[in-house]
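One chain, chain A, appears in both complexes that follow, with chain B as partner in the first and chain C in the second.
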Partner chain A sequence: MKTANYLVEITMLMPELTMMFMALILLLLDLVVKKKEVLAGVGISGILVAIYGTYKLFVFTEPQSAFADMFVLDGYSNFFKLIFYFNIILTMLISLKYMSIEKASFGEYYALLLFSTTGMMIMASASDLITLYLGLELMALSTYILAGLLRKQPRSNEAALKYFFLGAFSSAFLLYGISLTYGLTGTTNLKGIAAALQTLNILESPVVFLGLIFLIAAFAFKVALAPFHMWAPDVYEGAPTSVTAFMSVGPKAAGFAVMGRVLFEAFGGMHLQWNSILIPLAIITMAVGSISALAQTNIKRMLAYSSIAHAGYMLLGVIAGTPGGLASMVNYLMIYMFMNIGAFAIVIMLRREGFQGENLDDYTGLAKSHPLASALMLIFMFSLTGIPPTAGFIGKFYVFMEAINAGYTYLAVIAVVFSVISAFFYLRVVMNMYMKDPKEEVTLTTTSSLNLALAITTVMVILIGVFPSFLLNLVRTSILG
Partner chain B sequence: MENVIFNQLNYPILTYTVFLPVLGALLLLFMSNATLIRWTTLAVTAATFVISLPLLTAFNKSTYKMQFVERHEWIPSWGINYFIGIDGISILFIFLTTLLSMLCVLVSWKAIETKAKEFHIAILTMEAGMLGVFVALDFFLFYIFWEAMLIPMFLLIGVWGGPQRVYAAIKFFLYTLVGSVLMLVGIVVLYFTGGNTLDILTLSAMQYPVKLQYWLFMAFLAAFAVKVPMFPVHTWLPDAHTEAPTAGSVILAGVLIKMGAYGFLRFSIPMFPDATKFFMQPMLILSVIAIIYGALVCLAQKDLKRLIAYSSVSHMGFVTLGIFALNSQGMEGGILQMLNHGIITGALFLMVGIIYERTHTRVIADYGGFATLVPWFAGLFIILTFASIGLPGTNGFIGEFLILFGAFKAQKLYGALAATGVILGAGYMLWLYQRVFWEKANPDWTSASHAVRDLNLREVITLLPLFILIFWIGCYPETFLSYMHSSVEHLLENINKPAAAGPEDLIAQRILEIF
Partner chain C sequence: MVPLSWYIILSALTFSIGVFGFLARRNLIIVFLSIELMLNSVNISLIAFSHYLQSMRGQMLVFFIITVAAAEAAIGLAILIAFYKNNPTIKVDEINLLKG
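For the complex of A and B:
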């Protein structure tokens, strides 16, 4: 092996390093700056620098690996980083006023968001199980704290504790899976594992399969697939709403990023084996998500179950087992990010001093007093249902298309049936807003940053719905090369 | 592409027609004065109607090919194009849609007081969606319009409807969505079978394995049968039609439910000819059941709008009977009857809406003696009654006659059974007329305080075009039939080509046993 040129390799880490550096700066700035808006502003400008870095690194047409193949830079990881950047920026935009209403306006909040996102970025770029674990823990630990940020609220504490315990449990699963795989193949490198499985001819080995099951269970926990979803509704409800928005997209996307990479790169030869687990998981997930959501009265819990159901649809892309399937999955994540954060932005608008605004009943008659906000919520709800001409339809269409192309027509049929069931609870929000008379006057908390976030998400949801080409081209050049 | 005629006019007429209402809806976003909104919407719908008229005059009736075609790249990575055009089957529905949308604005002038802006935006987006469905020549585009329409219709029923509106809106939405998503799976299967294209013309020109045809036919049937609605998935219709505001009922009855039948003509029959022949019998049986069952249920209705809604089930049974008779008379009759039903039932719902504005009751028993109270109204209503029954001289006669003719040619029994539906139709319509307009007047309406006004000028103007059409088609149907001759002929040639594959396989046998 030739001497590694560390300077070049460090350059590839530039976006992650920028984010990390920014997080540390924010921690220090917090000591002197009293206005939290400044921190958010500095944070966002730091992220913009990181985005510039990722943009510059897009020049590599071939995947580049660094640090003895621990870290990889390719279209796949770059696309995921794009999702993470959007996710954190939108979260910061919707947080400003909200966190002060919740009396949790800590400077650490922004630093933790950055740390967590850095973890996700490392996960997306991990080409070794060790780096993967590192990124995952960085992400998870920061998210636990974020979930418990409302120290004075019992349900926030409960959320953090639950998330932490179950998260620790899933980390243990992950380590079991890693150690079993390492024991059998002698390497933690994803490509190395694939090669070892071939040369040692242990693709059929039950122990390898056991290791794989452990790995899948850990990933399933992170992306909230049933039956590993139990934490999601409680954590989503208890965590500050802005953190819920962040969590419902970020860790889920990161989980899918590593799931896709590990399954495709390391266990690509065991497609049938992992599908024998993933197919039942997908069906149960879609069923649990769509059916449980019907019974919710709290919109955050409802969106939690909805995010579980969406994870089931995304999983179809992984199950397809083709590069196209992977592309459809990341495309879905990007779209899901816009529509979900958009919906949470409206939920946050209803929160004001002394009023939670989390019950579905709080939306009753909203269209009368706040026609614009209701219209936006209507767009997000129809997009989450997957009705054209919104982005949600494009996401679903692509996933179903790839599933059918790979021969899983029956799964697509099951998925569309559950998406009809899920239509009911999304429609209920619309129904409450438009078809009932208001009981009490609801005032909305609006800030310019929240409006900006809403504008971005709405425009993207409609733009992708009507002219999906730009996103599809980006996805295809990133994933399919 | 030799099977299409690119736009013979020197401007993109179809794009203008479809997207002018969208433009209008965007314009409305910036208005707040209700009167201004009404006038703007009326102007936009009238303009849409006017710019769609050159289609009728410039249409080349001698060819089955798609005309006024426009084609642009849209989503190249999926091979999807913005591809629109019309032929003899769709042209009349463009005309019907633009006409009825305009009348809907007129009839809602006084009826819609709350959220007028949202209402008119919904009407305009609805119009664009309906037009889009009829012009789309790419499956993806078609599906976008097909589904996007659900949103404004859901709101129209749910926000401005009657007492049970929320239930009716949800029922309508979920029923339609179930059918549509199954069709979506079918569309994606077609995409891969047809070589990564969603071009409807290319897909229609291909031959598919018989087994696949059966599955796809059923997937598409799920969407179209719900929309038509065919027995036994018709149950959303009475609720939706009854609870919807007048404009909503008119659009539903006039255009929306025609899309199911249009779907059969545009997709199921040309793409799956073997499956069509295979499913011909069950489809005819379901049509006959719908005709007779719908008519019988009408006899038992106490609610004015509900009665007309069920009569739609019966009349749409005639349409599907004609289409699946698979001969030129039946099919042309079916298409014409779709137009007729849009005109007659559209007008019926308009008139019921007009009288409801005065009485605020839909219960038939509350009426009585209205012939003396509102003589003009009664006079016009009897014409509609006769048209609905199918009296010679009105358009209903031409349509039903052609359909029955076709049905007798295909299967004598079904023809005979369907003919009883005509008799039952006369029964419930005349009985309705008797109960509402004759008999003893309800004293509530004769007292000075509740005096019921007769039609005013706006209402007469709203109804007039439909009455002209009733007699025009009734006396000289060739004006309208001439548009569809070549297209229908080409469609039938397609079906009667020799079957694609050999012996029936097991699955086919199974399906046969189920029916």
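For the complex of A and C:
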């Protein structure tokens, strides 16, 4: 065994180490700093350092692996890290005022966001099932606490409890899948698994298939695919809104990152087998997400079902089984992040002392009193529906196109049908805002940081919608090389 | 010499008992114990495979699982206590504030 140069290898971990270090600094600063908004500023500056690190490491054209092939740096992982950075920065920006309204302005909140994001980054870079598991647990354990951060509110307690129990249940499934795969192939390394499956000629073995089912079930829990989605609406509704925004993008993106990597790298030869599981999952997910959302009266719950439906659309990129399909899935996740956090930023604006602002009725006549906020919500709702010229259309268009190119035309047709159904509940919000008279005066809580987050998300949603080529080129170069 | 298959069957049985306990029992503490049972059944199979294959990876993973399970237990019980302070119940059926 050759002696590895650990100093070189540790530089590849620099972004993760920076995030971890910042989280620890924030925990210490929390003891002396009284204004918790300062901590968010410190946290964001730390993230900018980590972004710089990722940018410096981006110059590697060839995938670089470290620590006995446990950790890999390639365009795929770097692009996912970009999504996670945007996610955490936007979440921090929208949560400054909100957390003090909820009387939960804890310094640990920012530290936990950083820990969770570090876990996601490790997941995106994992090229071994052991690293994957550790990253997943770091992400999940931090998110359980975040969901229950409002510990005086029974709803938040219950959300954390449900999330914890179902999350722990799903990680047990993941481990059982890992143990079966390890037992048959003799390794936990993703490339090693692929090689062993080929040489031992056990691609058709039912036990390998069983292990694959366990792994997919665990990933499906994380990205909330039906029928493993039961936790999502409850947790999204009960958790603090800023955490909901964070959770609906971060863990989902991380789940898709590992799903894509494990299925393509380790089980690439079993495309037919995993598609026989994923295709029914995708159809059920789109159906459950779009149809259940019709009946919701709480906007956070509605957005939870919408995020389930979106996971179904993204899954089409994985089902296509081509590098292009993977690229379209990543592209969709990036776009989904902007439009979803934007929508949640508007939901957060409605929250003020003594007013939840979570019901769809609270949006009645909002356009009369707050035309700008309503216009932004309109853009996000159009984008979530997938109406051009917004970014959501570009995301859906490329995923569906890749599915058709790979020969899954019927899936694309089903997906289009369900996105037409989904237009009903997205546009109901718009109708409430524009076509009804206001019942009561709604005042919005605006802060400069929330406005900044809204500006970033709106500009990105429009910009990607009108000029999609820069994002598509970035995705192509990072994933297809 | 106990053959490998016995360990794997033991692990599969314990895992199934854990899944059944998770789905069927109505007491949160028992549900929590069921999750621990599932994790430990995975440990049995990993160590059996590791010994059979003469590779250290499985045993390494077991150490990580034990550590993470300890952290998970701490966080889970903390969440449970925070929950219990607001709604003094540990019956699964009574946790129904969020639904729709």
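Definition applied: the second predicted complex is superposed on the first by the 480 of 481 C-alpha atoms of A that agree within 3 Å, B and C clash if a C-alpha of one lies under 4 Å from a C-alpha of the other, contacts with A are read in each partner's own complex, and residues count from 1 in each chain.
Basically, a residue touches a chain if its C-beta (ideal position, glycine included) is under 8 Å from a C-beta of that chain, and two chains touch if they have at least 3 such contacts.
Keep in mind that what you see is a predicted model, and the values were worked out from it rather than measured.
With both complexes superposed, C is the one of chain B and chain C in contact with more chain A residues.
Contact with neither chain B nor chain C is seen for A:359 once the two complexes are overlaid on the shared chain.
Applying the stated contact rule after C-alpha superposition, one finds that A:296 touches chain C and leaves chain B untouched. In the superposition on chain A, contact is made by A:393 with chain B only, not with chain C. Legend: residue contacts after superposition of the two complexes on their common chain; A:205 is shown touching neither chain B nor chain C.
In the superposition on chain A, A:447 makes contact with neither chain B nor chain C.
By the touch criterion stated above, A:405 is placed in contact with chain B alone, chain C being left untouched. Of the two partner chains placed around the shared chain by superposition, chain B is the only one that A:472 touches, whereas chain C remains out of contact. Of the two partner chains placed by superposition, A:369 touches none, neither chain B nor chain C. Within chain A, no residue touches chain B in one complex and chain C in the other. Interface of chain B with chain A (complex): residues 74-78, 115, 118, 143-144, 147-148, 150-151, 154-155, 158-159, 165-166, 169-170, 173-174, 177-178, 181-182, 184-185, 188-189, 191-192.
Residues of chain A that touch chain B in their complex: 367-368, 371, 378, 382, 387-389, 393, 397, 400-401, 404-405, 409, 412-413, 416-417, 419-420, 423-424, 427, 430-431, 434-436, 467-469, 472-473, 476.
Interface residues of chain C, counted against chain A in their complex, comprise 8, 11, 15, 18, 22, 28, 31-32, 35, 38-39, 41-42, 45-46, 48-49, 52-53, 55, 57-58, 60-61, 64-65, 68, 71-72, 75-76, 78-80, 82-83, 85-87, 95, 97-100.
Chain contact summary for the complex, chain A toward chain C: residues 129-130, 133-134, 137, 141, 144-145, 148, 151-155, 157-162, 164-165, 168-169, 172, 175-176, 178-180, 182-183, 186-188, 233-234, 237-238, 295-298, 301.
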